[in-house]
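Both complexes below contain chain A, partnered by chain B and then by chain C.
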Partner chain A sequence: MSAPKLAVFKLASCDGCQLTLLDCEDELLTLAGQVEIAHFLEASSAVEPGPYDLSLVEGSITTPADAARIREIRAQSRRLVTIGACATAGGIQALRDFADVEEFRRTVYARPEYVDTLATSTPVSAHVDVDFELRGCPIDRGRLLEVITAHLAGRKPDVPDHSVCFECKRRGTVCVTVAHGTPCLGPVTHAGCGAICPAYGRGCYGCFGPSGSVNLPALIPLLRRDGMDERDTERFLRTFNATAFAAEQSKHTGNGEHTESREHRS
Partner chain B sequence: MSSSPATAVLDRNGLDALVEALRAEGRTVVGPTVRDGAVVLDELTAAGQLPFGWGSEVEAGRYRLVPRADGAAFAHTAGPQSWKAFLHPQREKLWSADRAADGRVSFAAERPVRPSYAFLGVRPCDLRAIAVQDNVLTGGYYRDDGYRRRREGAFLIAAECTEPGATCFCVSMGSGPAAEAGFDLALTEIVDDAGHRFLVRVGSAAGEAVLSRVPRRVADEETASTARNAVDAARERMGRSMPPVDLRTLLGGTLEADRWDDVAARCLTCGNCTMVCPTCFCTTTEDVSDLTGDHAERWQRWDSCFDLDFSYLHGGPVRASARSRYRQWLTHKLSTWYDQFGSSGCVGCGRCITWCPVGIDITEEAAALHDELADRLRRQDAEETQR
Partner chain C sequence: MSHRGSRVLKVASLARVEGEGALHLRVDGDVVREARLSIYEPPRFFEAFLRGRAYTEPPDITARVCGICPVAYQMSACAAIEDACGVTVDRPLRELRRLLYCGEWIESHALHIHLLHAPDFFGCAGAVDLARTQRAAVERGLRLKQAGNAVLDLLGGRAVHPVNVRIGGFYRTPAPFELRPLAERLRRAADDARETVRWAAGFDFPDASVDADFLALAAPGTYAVEEGTPTALRPDGARTAFPVRAFLDHVREEQVPHSTALHARLDGRRHLTGPLARFAISGHALSPTALEAAREAGLATPGQDSVCRNPYRSVLVRAVEVVYAVEEALRIIDAYEPPPRPYVPVPPAEGTGHGATEAPRGLLYHRYRLDGEGTVTDVRLVPPTAQNQGAIEDDLRRAAQSALAGQALSDDGLTHLCERVIRNHDPCISCSAHFLDLTIDRTRHQGRGPCPTARTS
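Take a look at the complex of A and B:
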């Protein structure tokens, strides 16, 4: 039996999530013994043709070319796992969804006609079926290994959908909202980082996107109470997972905008 | 010698000596200490690390550490942790399995280490909480070996409550503010013109043995009565109370109340209430394998009925709505806990009120359910009278 073929692809993104794979220094040799790393340009320019058993995809869809490319990647992949906020929620570049991209293009570029871009930055799941979404900006190293290990063992990865509050309480971090009056997105944010920010006394800023059970109308009054005005609150929710949090908000306001995204969980 | 060890008085040096004596026995002393703007529980190497001169002001969804002029060590209310963090830790390995080169698989149960804890400053509400967890995790069908080992080795020093907080309601639950039983030693702190001192009562032979190694004096009548008065006064100063009804019946009779929708609209389903609750014991298991697949481990970790995965069966969670999850928590805590374990699951410590970011108040919810039920019964009576 030949080793399963692993591929890593990149769309619109900063490379940080695929770098997380290279950061698995202690496990990298073992991993290389278990899989054939067939396509990983960050590590090697030698690429093997598909099909691939497990494809990790970083980045969002922001160009017509990438919209076509993700379909090819999907067609070549037995399992497709998206990694990071860009691939799972559109990333920071999805801020364009709330503005006029045409205006950006004309203002920023001397020859705007050279720039072929879409009006939106969308998650991979808005284009093709995704087998698993691993959240985070960037993703957590341990969780990435868990996803790969689970794939090799043929089991479901253990990546809980609950809030960051679970992680704060487990590690014994004092709640920054209750004890310090610090605005924090922890109660609505997907666990997975290990609650790093509150452990250093600052509020969670939601880089893992919405948890599986979000009540933004209950949280926003706390942000306002703790000193954020309407604009601060909007900016707090519009970072790496802006469209995912906007979709949560529109569930309550009845605004049908940004209702795509985070449907896929295997 | 007339000094009966049954009641004695320690001064601050005596408290220092008590910690030293426990450490000299090889015990890990755990107690309250100040960290990150709160009184947390942590290992203490000396009594000086206790939160001398710190109190806390609490409200629903709010906790602030405040300095106290009297230098008291045990004048704070419940922090974000409880003793379950030590007796029932958030993550624990249960067993591991290895596959040898010939394909044979061997299993090895994890032998839980048996730490010898001494918990210093256990509130009466938390003493009750430990008794509740003892019953759940060692007394019945669902035995937890690791818990039992840690619990058997634990030495409990209660600190009676003389400064209840605004979210405290132990009197309603019959668990405080006095320490009645379940301790090795019980302290009552007194700070007045006669000095800073601690009345000590002995609750076990182990407690008596430890106390005998600590410099102390015989309890005088005045110190004993001052201590009693302080605890009695605390009884009158509870910040909150449960509605004075049979909560078990109330919760059993309000499963379809409108109030559940009201609380669900406010609830973040973040899980904080269950994590801070000193009796919530639910866990899930986590199976870990390594990249080679030759080594696997099973771990147990805290879970919560607010987690969607908690009720996940084939196809989806049974309790998908916030309404159903909050209702599950409250009805279990106050009602079905009796059916399962013969007591209430609530001890009135107030943690779930204080540490809920949006300040959902278990006593207010119980009162609202009571009002709604009473209202419904009144209307039913009126309708029957009309007929």
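Take a look at the complex of A and C:
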């Protein structure tokens, strides 16, 4: 039996999540013996045609061309796994969703007419079926290896969707909110990073997006108590997984939050 | 295929570069009419959505411009915002920042040297292919890369998008005992780094020379990394410097004749940032060990009359910079005493601030305007690849022209040559795209299906 074909694709993103694959320094050459790395432009100019057994997709959909491209990638992939906040939730570039993208275009580019862009930055799942979403900005090395290993073994990846708080407790870190009154998104953020921020004395800033069960009405009063006004709170929730947290917010504000904010800003 | 007649070469998807780019070469008879490095990395609008954010946020947010050099973005952002607020960070904290930055240089350079650039010298498609004949070298490269990542992991919390950087310093500074295992690892890395210089010195380097002005930071008595004065070195040896706050007076986007593309120019001239520029401008300030390694590798002694302008040899300069960065990291760790405070308080102030640091691939400039409450009102980011684009294209034009003047070269051969020329400069296209001109060629997008191949048309 020939080795399974692994492909890595990039859409709108920073390259950090696919770099995480190259950051598996101890495992990289072993992995290359287990799978055929058939398409990974950041690492190799040798490109094998599809179909691919496992495609890892980094980046969000922000151009009409990429909207078409992700459908081609899906058609060529037996399993499609999104890696990172861009591919899974639209990424930092989804901040355009709350603003006027035409104004953005004029602000950044001297010749805006050359820039082809959509008004939104959407996750891959808004366009095609996705077999698994690996969260994080960036993704965690260990979880990436778990996803690839699980695929090779034909089982489900063991990536729990509980909050960062669980990882903090497991690590034995003192709660930064309880002990120091530091605003922290840990209670509503998807685990997977190993609770790094609280271990470094700062509050979690939500780069893994919402966890499986999010209770924002309980968290927001704590953020207020610890000195964040409405604007700070909004900025805190709207960074690398802005649309995912906005969707959580709208669950509690009668579905209007996202739209109102959009009108307000534009 | 004959050289006669017109032909257009396109490589739809460049491999072994960070980000998404394509190259476009128009050849008329034996004359190269146009060489263009196109960037189709989708725009992400950082400068636009940073407006309205708190002045404490740009280090975390701009890190996401580039997953390969997030520390560079964090450091330039901190420098610019601290400048706007009129705060100077304590010396020990600046040393820790330099240590973090050394980690990124080691990681990024080891990646480029062994995994992205070296395969070109062995005719391989990538590192996995290269490992079949050069396993020890690839393993050494991965070890070095891992040593760089270990610095980032410890001091930054993680290798990609570190979490421990804040305006004014760090959230938490390490205890000396935490640095000890890191020092052990770096001592092993020092041997690996020297070995990599020797290995790269044995590569076969084609003749080539860039004639662009060099631009790099310079700092008294040291090889500038996290701070310094922008300094230009012209091919005739003329050296000029200007303060960071005057950066945008000197480095401007200009319309290039016969092209819709805008390029950054230094005082109206084509310029290049990155390892060749740094080595020419600050090489004399390298450590004795790094200078010895450079000499062994056959690099012209910096400060003497001869300046290395061969972009293929940039791999040697990167290797020497790894030797230096490992040594610097060890020096900082050996002298380390925990600073009295992890960060200097930076109260918000109305004003404009400028920051420039040396990203692994060249000078990275940030400018922020803040209102009195600390809200960001205006941002400019000038990444190295955007500055280098003009010089890279000129390199492409020259390389293609001399290849055509020589022996018959197939389209495939010419394409391969052009890809090598681009990779010499370690372009980070994810970085440049958010502000650069984009010329979207619709035909090129058709080549971006799930299985695009480097091909000619």
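By definition in this document, the second predicted complex is superposed on the first by the 255 of 266 C-alpha atoms of A that agree within 3 Å, B and C clash if a C-alpha of one lies under 4 Å from a C-alpha of the other, contacts with A are read in each partner's own complex, and residues count from 1 in each chain.
We take it that a contact is a pair of C-beta atoms (placed from the backbone, for glycine too) under 8 Å apart; a residue touches a chain by one contact, two chains touch by 3 or more.
The structure displayed is predicted, hence computed values, not measured ones.
Peer 1: So if we stack both complexes on chain A, do chain B and chain C clash, or do they fit?
Peer 2: Here the two partners, once superposed via chain A, fit next to each other without clashing.
Peer 1: See if chain A has more residues touched by chain B or by chain C, and give me that chain.
Peer 2: C
Peer 1: Between chain B (first) and chain C (second), which does A:R235 come into contact with in this model arrangement: first, second, both, or neither?
Peer 2: A:R235: touches chain C, not chain B.
Peer 1: Who does A:E72 touch here: chain B (first), chain C (second), both, or neither?
Peer 2: In the superposed model, A:E72 contacts chain C only, not chain B.
Peer 1: When the two structures are overlaid on chain A, which partner does A:A7 contact: first (chain B), second (chain C), both, or neither?
Peer 2: A:A7: touches chain C, not chain B.
Peer 1: With both complexes overlaid on chain A, does A:D161 touch chain B (first), chain C (second), both or neither?
Peer 2: In the superposition, A:D161 contacts chain B only.
Peer 1: Give one of first, second, both or neither to describe whether A:P49 is in contact with chain B, with chain C, with both, or with none.
Peer 2: In the superposition, A:P49 contacts chain C only.
Peer 1: Given the touch rule stated above, what does A:C17 touch, chain B (first), chain C (second), both, or neither?
Peer 2: second
Peer 1: Once the structures are superposed on A, label A:G201 by its partner contacts, choosing first (chain B), second (chain C), both or neither.
Peer 2: The answer is both, since A:G201 touches chain B and chain C.
Peer 1: Chain B and chain C, closest CA-CA distance after overlay, in Å?
Peer 2: 11
Peer 1: For chain A, which residues lie in the overlap of the chain B contacts and the chain C contacts?
Peer 2: 201
Peer 1: Once bound in the complex, which stretches of chain B touch chain A?
Peer 2: Listed in rising order, the residues of chain B that touch chain A are 35-38, 40, 61-65, 79-81, 85, 90-91, 265-272, 275-276, 286-293, 301-302, 304, 306-309, 322, 354-358.
Peer 1: Show me the residue ranges of chain C that touch chain A in the complex, using the header's touch definition.
Peer 2: Touching chain A: residues 13-20, 41-49, 51, 53-54, 57, 60-61, 64-68, 70, 111, 115-116, 119, 125-129, 131, 135, 138-139, 142-143, 145-146, 149, 157-161, 163-164, 166, 171-172, 253, 260, 262, 342, 419, 428, 430, 434-435, 437-440, 445, 448-454 of chain C.
Peer 1: Mind pulling up the chain A residues that touch chain B in the complex?
Peer 2: Contacts found on chain A: 27, 30-31, 33-34, 145, 148-150, 152-153, 155, 158, 160-163, 165-166, 169-175, 177-181, 184, 186-188, 201, 212-213, 215, 217-219, 221-222.
Peer 1: Show which residues of chain A lie in contact with chain C when the two form their complex.
Peer 2: 7, 9-20, 22-23, 25-26, 28-29, 32, 37, 39-50, 52, 55, 59, 62-63, 65-66, 69, 72-73, 75-77, 91-93, 95-96, 99, 101, 103-105, 107-111, 114-117, 121, 137-138, 193, 196-197, 199-202, 205, 207, 232, 235, 239-240
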